[in-house]
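First chain written, first letter: the chains are A, B and C, and each begins at residue 1.
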Amino acid sequence: MTGQQNVSSGPADPRFFTRSGPFEAQVLADAAEATLVSPREGNMPTEGYVGIAPLQIAGPQDVSFLDNRRYASLLENTKAGLVIVAPAFADKVPAHCAALVSTAPYLAWSRVARLFHPKTPAKAGIHPSAYIAPTAQVDPNCEIGAFVVIEAGAEVGPDCVIGSHVVVGQGVQLGAGCRIGNHVTLSHAVVGERVIILPGARIGQDGFGFAVGPKGFETVPQLGRVVLEHDVEIGANTTIDRGSVNDTVIGAGSRLDNLVQIGHNARLGRCCIVVSQAGISGSTVLEDFVTVAAQAGLIGHIRIGAKARIGAQCGVMSDVESGADVIGSPAMPFREFFRNVAVLRKLAKKASGSADGGSGKE
Amino acid sequence: MTGQQNVSSGPADPRFFTRSGPFEAQVLADAAEATLVSPREGNMPTEGYVGIAPLQIAGPQDVSFLDNRRYASLLENTKAGLVIVAPAFADKVPAHCAALVSTAPYLAWSRVARLFHPKTPAKAGIHPSAYIAPTAQVDPNCEIGAFVVIEAGAEVGPDCVIGSHVVVGQGVQLGAGCRIGNHVTLSHAVVGERVIILPGARIGQDGFGFAVGPKGFETVPQLGRVVLEHDVEIGANTTIDRGSVNDTVIGAGSRLDNLVQIGHNARLGRCCIVVSQAGISGSTVLEDFVTVAAQAGLIGHIRIGAKARIGAQCGVMSDVESGADVIGSPAMPFREFFRNVAVLRKLAKKASGSADGGSGKE
Amino acid sequence: MTGQQNVSSGPADPRFFTRSGPFEAQVLADAAEATLVSPREGNMPTEGYVGIAPLQIAGPQDVSFLDNRRYASLLENTKAGLVIVAPAFADKVPAHCAALVSTAPYLAWSRVARLFHPKTPAKAGIHPSAYIAPTAQVDPNCEIGAFVVIEAGAEVGPDCVIGSHVVVGQGVQLGAGCRIGNHVTLSHAVVGERVIILPGARIGQDGFGFAVGPKGFETVPQLGRVVLEHDVEIGANTTIDRGSVNDTVIGAGSRLDNLVQIGHNARLGRCCIVVSQAGISGSTVLEDFVTVAAQAGLIGHIRIGAKARIGAQCGVMSDVESGADVIGSPAMPFREFFRNVAVLRKLAKKASGSADGGSGKE
């Protein structure tokens, strides 16, 4: 560590985050749609709570929460003044502590944290260094960062925040309330409302399409678009290719993590989740509420049924039924995968054991 | 979907794509090097065909095609006026439809699509915001985008299109007709003609090289280059490190998809294909016409023979012979991999089955 | 190759690299902390050595080295004047060749190469196109590239080199001697000294956190930071999300390759190595000196003990003990993994062999 000091003073470093409050417990309970339980001993701070903090470092004016059973042991020693917990942990809350009991404690936590640290709204204005083509239409209530490029015919709806160095390509449409991170590239795209794109994502470039010609590969024109429906979120450095003939579509409310690859003509339904470094090949369809875990890969031209869950590093080569849980490469039901692992381990132990036992050699 | 309308009106949205035509059937046949077959019933449109469209939405003035056996059922109901098909499907073409019959239907399709939607040529000119070092040489017939940086001693050949925010580093050479996407970084690189690089690719940065010293890791100077030969295409956010001593070379006509990693000193031959999220470690050699499927990983210092095919998610730890098909981690012949999968499944079923049978419990 | 010439004239192309020297053998030996052995026949060049080159192309005034046993056969035919080798190869050095014998030949090589090609120091100055917020503090001895954005309250220490198009977000701190590559995005980050970040890395964006609400997913505020300790190096297009409550921390001296994903709240200890395309999920802890090979994936909320080594493409679902070597998905000890592979191969061969033998058919 060579003498460097990185003592964490808790979340929400004021250099990076603004802060509202203080808030009284009942205000927090209302925001969280949770039940307020007073401390069994002591009182709640009359001046309210000032912020959120993890169990280990929270003080009497902080709100904390238990989100993961693994960390339950931290609860009994916390000095937090208010703790958000699931009903199962309500009687484990220390006596000095008030509690917000919720059947959805993570959601409750999220809302309380948002109350203390609200999103900063768009600051209307265009940085003087930005380049906006004369035929582009940018709503006056947008925040346009430094060195932004908005090309001919593009349309940016109200209340958008466009980060530094973003390129909004020719004809691209952005709905109201979008937040586009630094260095994002958008082309051939129609984007809904409240869409969030993190830095460095690439949306709308050529798909990977070529035919074998007499002198080498010949590029197949990629003539579709990317459609990002309302409330989609896209992670940093993720790539979404535009369609070749049909559109590539990310359904409303879906969330993609960092470094995800979406091939041309893929169609994701509503509220799908695609975790980091997963890849979905061209023309594959995900119905609604599908989850694809990290580093999983889906071959092209297949269909994943609604609410299916694709495990981490899974290699999916054929259709998956609605509601199925698959893992492994090639993909198989979770149960089968772990049974295979167990059986192989047993057989391998036996094989090496009997080899040892029988011959004295390995 | 919250009311959002994303009705696709077919490919080639005029906000994003220019359009040529109309074209008569014989012109299309010539471009496609395909055989024109008149409709068994009805006539071809005298005014020619106006565009391309998928089978489901094509109309009498559209050209469509059947590229994938999976979608054969769409052919019989299409309203398209002209369909590109392989000989095996020629007699499945509806009676009202003309056909372009080709033994390479995807290539034929590609050329017809290109005829309707030709590449826009470079519009000579330098965006006023670009920064070009005095000693850089940029051919006057290039299109240089906003906020481009071209550093000292760099050379950009004729007819190149350099997107917004591209950095062409010191001394980098670009041949004629290259198209460099937005936000690409190029350094320590020698680039041939007609090379295409999609947005966000990183070419020529330091390789991952360090030695263990007494006080921690010590960086090994990376003194090679990246050489991209003619007609190479590089996907979005792909990373190609420069060599440490020798060059990192991507052979003529090779195509890399998005989010691919190429380590220092790797050498790819001609017309190799590397699909998204695959990684090729340092000093590994691919001979000509090798295919590496998505998410595959190749260890360093190995050699992959010409025309070998590395399957998706494959983990290659040793040399692969020319023409071999391998998959799995560790890599093995396709046939062996799927045999292993089948045998393990059978053994695991038997193991759990006999446990069930024997004890009545699972 | 269509006539293109890519003849490599050896490392350190003068278009891209500066060069010092010549150096006498003893100077090189001192830098390398190696033992100089004179040639058995002939003399060392009186004017010193002028550069480094690989064994195949090095000449009498070049220094070369043997770093990998695979290439030992190149040693006997080299025309290099001086070769760096491990003691085991000292007697294989040709008679005309001087040798630098070192028990750490790669480190010795690194230092010799650095002597010929020293790092260029920061050239103090701010490119006129850069945008620096009035409240940002930039040390006058920094080199700030074109179109850089340094936001309000950010602090950049002395001797930093900030590449073109970098965004240093509000309040971000950079210690002395950092080198930030083109197009890097930094936000919500505290960065130590001598940290190197390659082009396109994304540091400090929102982690992937959301709760299921009544109308879809609700984003959980991400209120932590990213802390990069001294001497950390981060690869191109790598993504490091900031913490949700705690910080995401990369320990001193750690090195991350390209396209790596680090989830929110992850904590890496000192001198960890994470190779390209690997992913570490949220809240996972790596103790010191852990190695994670390419394309490996670690689930969230686990702990990897000091000096553990995670193999390529490994899928780690639970804690790993200090010093352990694991591979496979799910992760298991190296030895067990390769035993499983061998046993399954044997069983599968037997199964298909007996089928063949029994029925004469496959």
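Simple rule for what comes next: contacts are C-beta pairs under 8 Å (C-beta built on N, C-alpha and C of every residue); 3 or more make two chains touch, one makes a residue touch a chain.
Composition by chain, UniProt nomenclature: A, B, C = UDP-3-O-acylglucosamine N-acyltransferase.
Only a predicted model underlies this, so the values are computations on that prediction, with no experimental measurement involved.
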Practice task
Pick same or different for copies chain A and chain B, depending on whether their interface residues overlap by over half.
Solution key: different
Handout entry: Superposing rotation of chain A relative to chain C, computed on C-alpha atoms, to nearest 5°
Key = 120
Handout entry: Distance from the mean Cα position of chain B to that of chain A, given in whole angstrom
Key = 27
Practice task
Would you mind listing the residues of chain B that make contact with two or more other chains?
Solution key: 129, 147, 165, 183, 200, 231, 237, 252, 259, 277, 295, 313, 329, 344, 347
Exercise for the section: Spell out the part of chain C that touches chain B in their complex, as residue ranges. Expected result: 1-2, 4, 6, 8, 11-13, 15-17, 52-54, 68, 70, 104, 106-107, 109-111, 113-114, 117, 127, 129, 145-147, 163-165, 181-183, 196, 198-200, 231, 233, 235-237, 252-253, 255, 257-259, 271, 275-277, 294-295, 312-313, 329, 341, 344-345, 347-348, 351-352
Practice task
Can you check the complex and tell me which residues of chain B touch chain C?
Solution key: 129, 131, 147, 149, 153, 165, 167, 170-171, 183, 185, 187-188, 190, 192-193, 200, 202, 205-206, 208-213, 216-221, 223-225, 227, 229-231, 237, 239, 241, 243-247, 249, 251-252, 259, 261, 263, 270, 277, 279, 281, 295, 297, 299, 301, 313, 315, 329-330, 332, 336, 339-340, 343-344, 346-347
